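First the structure, in the form of structure tokens, and then the observations on it.
Chain IDs A, B and C follow the sequence of writing; residue 1 opens each chain.
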Amino acid sequence: MSGAVLKLEEVRMAFGGLIAVDDVSFEVTPGEIVGIIGPNGAGKTTIFNAVSGYYRPTRGRISFLGQDVTGRQPYELAAMGIGRTFQIVKPFAGLSVLENILVASYLRHPHQGEARSKAWEVLRFIGLADRADLAAAGLTLAGRKRLEMGKALALEPKLLLLDEVVAGLNPTEADQTVQLILKIRDTGVTILIVEHIMRVIMKISTRIIVLNYGRMIAQGRPEEVARDRQVIEAYLGESAEATGGSTP
Amino acid sequence: MLALLPQAIIDGVLLGGIYLTVAMGFSLAFGVLHIIDFAVGEWIMLGAFIGLIFTKWLGVDALLSLPVVFVIFAVVGWLLQPLLHRVLSGSRGRPVLMGLVFTFGLALAFRGSALTVFGIFTHSLDTVLSQGSWHLDWGPFFLTVPLIRLAGLVYALAVILGFNYLLKRTDFGLAVRAVAQNKEAAGLMGVDVNRTSAAVYGLYVGISAMTGVFIGAIVSLNAGMGPDLSIFAFFVVVLAGMGYLAGVPWAAFLLGLIQSFFLIYFNPSHVLLALFSILYLILLISPTGMFRKGV
Amino acid sequence: MRGRPAWLWILLVIAAVGTVPLLIADAFFLRLFTEALMWIGLAITWDLMAGYIGYLNFGHGVFFGVGAYTAALLITKGGWPFWPALALGGLAAGLVALVSGWPTLRLRGAYFAIGTWALNRAVGQVALVLDFTGGPDGMRLPPFLHPQFFAYVMLGVVGATFLILWLLLEQAPFGLKLKAIREDESGSLAIGLNPAWLKLQAFVLSAVPTGILGGVYAYWITFIDPSSTLGDLITDQAVVMAIFGGLGTLIGPVIGAVLFFSFKTYFWAYLSDYQVLYLIILGLAIAATVFFLPDGFWGTVANRWEGRRALRKGLSLGQAAGT
């Protein structure tokens, strides 16, 4: 194997007659931040669901750290090192912020004491330590997105799937989240990120994958992808934003 | 043995019709209002008893009491729904769970009331159709189709057709479907969600009560019959696939057939256990119901 | 909490309660005492599923009945001594949970409720028709009239159950994992939890002590029949007590059980001629509690307490942030 963290080989997700992901193949190498972009309905979250075990691919293979993990359960994949956030954030609402992270910490630290230390560590890392005892339901959207990432981080993942963690945040919050993502990357975690906010994803990704109608239409460095004709056609007009104002 | 087969089938179909009406209302309440009403069996039971009051005290044929029963219970349901709604949309506790417990409590209170007022004895409702039946001689087979059971089937079909018409061809039905799919959006579109919900619940309670009159006439009625009926309604819905309305008729008739076969070929007192075991097996094999379209 | 660990406090309370039968030897009082303890046990085991995982078991009584009948059969027909029969009663209940839980736990909360309810009724019907369980006439056990003995047995069983559940649910990771499943079962998969397995464990855990309680009941009352052990009343009362006390904690159901049992005893003393009225009261009590006090008695109190604490904390945070 090439040392890829994640490898998708001709993965197809069909729901009845609808083909949400159409023979998509790509690799993610360690330490990268790979961004997945595409118009709505392009299949981005579906790929996340397939990679994290929530969907079983209709066809194709998914390999993680050299092992075939196609069709494995989400909790098995979590144990192997895949962490994810959800597009519509799902905090454990009735539990406190600390407890949210704590439950996730049990995966690597089965004992209460160690798990607590780990949980606090994560809370400090994501900047929610001062809101530890607050009920998760009482957090702002920014807080919840942060908590979502924290839960995934507590799993000590090797691969982190971030699903639209910046959407809905104001510019300050968005920048803080970007800083956090880079901080996570610096700890050695490989990141696969789906995002609609072009300036964010273009800025932080080492590589971009573009999906349209379930197919991969382009792959490469952000600058290359921004100039790709098919991508421009798919987006029609957002390319100017993507390249920061300069026309191709 | 085989000679009994056609009778078993006929009985099964007729039973299925009753199951269908019981389950249809229950599914409607769930599909539209997202209420799982534990009291469905009690509504049926209470409807039967009101029918009984009509026949015993007013000397009216049970079937003629149907419209009155419907109106009474529809109003009761209409008035009750806002309470349910308040429980389900509470901010404290866990609303969905609490909604269940609430209807569970109501069911218990209804059962207790019925037992207090009517005692533990079994009654039956008399109608002009009670004694009659069609007899069919067909070769080696001799079929008896009790008219009252046939009436029950006709009623079931009428309810389905009525529902279908109501939901698909009327403005009210459109509002109902909108509320079922997305309450907030429906409200924003001008649908009076509260009134529509109350009306749906009233409809469901009214129909369940009418079903009670039929069951009282076809089988019998007693104050403790609620739970078994609720369980039957649930069985049908789970077998059909939760939330999958189109599967309900099939599941209802299948269960009716299973029950009638059991009654004819095996020991009737094991019916519930048999049904439960079958449901159990089906859930093991296909948790989303027999059509795999459940939620 | 700083200071002595929780389990020590629990043991102290159990020991304190344990002095009561020594101080008051009145048979009638001990009977009430024993029964109150039994209800505590039933309420906390019901709450394990309802409060911690959010799965309503409306057939909880089936474990009680299975335990009662198993113990009764072993004692009367098998000549077994009390303690092993008791243990096997618990085991039998656990087995029922294991077998029935596997498919029914896949159902969403509501349908799980009806599924377990149906199981309870089905087993009740079986007990009604089978000859060797005595049919509708039930079974009689050899009389062993020692009120203090049973008071201590019940205290021991319920006390041990409370302690074990406390350790598992409030100290160990298990409890928090269950709560996570309650909050978001689908999301809990992503953080490495296997809900099916955890739910099954909890289900069996709620069944075994209940079965043991059934066994104790059988030997204590010396008479069991389908309606008293496999009827709806066991579950219905456990439900009221747990809900009234407050779901999701262990203390809530204890308080609910004590309060409601006291009410029931009082009621019985004055209105025992109107037993059917009891059902109405139960039903209305459940509905009213849900409507007016969804967090239960203890839940509401605890929330106010938490709320004030959080408010103080929030205010101090606000001050620190300069708002």
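The rule we apply is simple: a contact is a pair of C-beta atoms (placed from the backbone, for glycine too) under 8 Å apart; a residue touches a chain by one contact, two chains touch by 3 or more.
Computed from a prediction, not measured in an experiment: that's the story for all the values here.
K.L.:
Of all the other chains, whose mean CA position lies farthest from subunit A?
P.N.:
Most distant chain from subunit A: B.
K.L.:
Quick check: more C-beta contact pairs in A-C or B-C?
P.N.:
Per the contact counts, B-C leads.
K.L.:
Just curious, how far off is subunit B from subunit A if you go by their C-alpha centres, in Å?
P.N.:
47
K.L.:
Averaged over CA atoms, how far is the centre of subunit A from the centre of subunit C? Could you give it in whole Å?
P.N.:
43
K.L.:
Using Cα averages as centroids, what's the distance between subunit B and subunit C in whole Å?
P.N.:
Inter-chain centre distance comes to 32 Å.
K.L.:
Which subunit A residues touch at least two other chains?
P.N.:
Where subunit A meets two or more other chains at a single residue, that happens at 94.
K.L.:
Using the touch definition from the top, which residues of subunit C touch two or more other chains?
P.N.:
182
K.L.:
Touching at least two other chains at once: which residues of subunit B meet that condition?
P.N.:
Those would be 94.
K.L.:
Within the complex, which stretch of subunit B touches subunit C?
P.N.:
The contact residues of subunit B facing subunit C are 36, 38, 83, 86-87, 90, 92-94, 96-98, 100-102, 104-113, 115-116, 227-228, 230-231, 234-235, 238, 242, 267, 269-270, 272-273, 276, 279-280, 283-284, 287, 295.
K.L.:
Write out the stretch or stretches of subunit C touching subunit B in their complex.
P.N.:
50, 54, 56, 58, 100, 102-104, 106-111, 113-115, 117-119, 121-123, 125-126, 128-129, 182, 232, 236, 239, 243, 247, 274, 276-291, 294-295, 299, 303
K.L.:
Using the touch definition up top, name the residues of subunit A that touch subunit C in the complex.
P.N.:
Answer in residue numbers: 52-54, 73-75, 78-79, 83-84, 86, 90-95, 99, 102-104, 106-107, 110, 112, 115, 130, 133-134, 151-152, 154-155.
K.L.:
Applying the document's contact rule, which stretches of subunit C touch subunit A when the two form their complex?
P.N.:
That would be residues 171-173, 176-177, 179-180, 182-184, 186-194, 248, 310, 313, 317 of subunit C.
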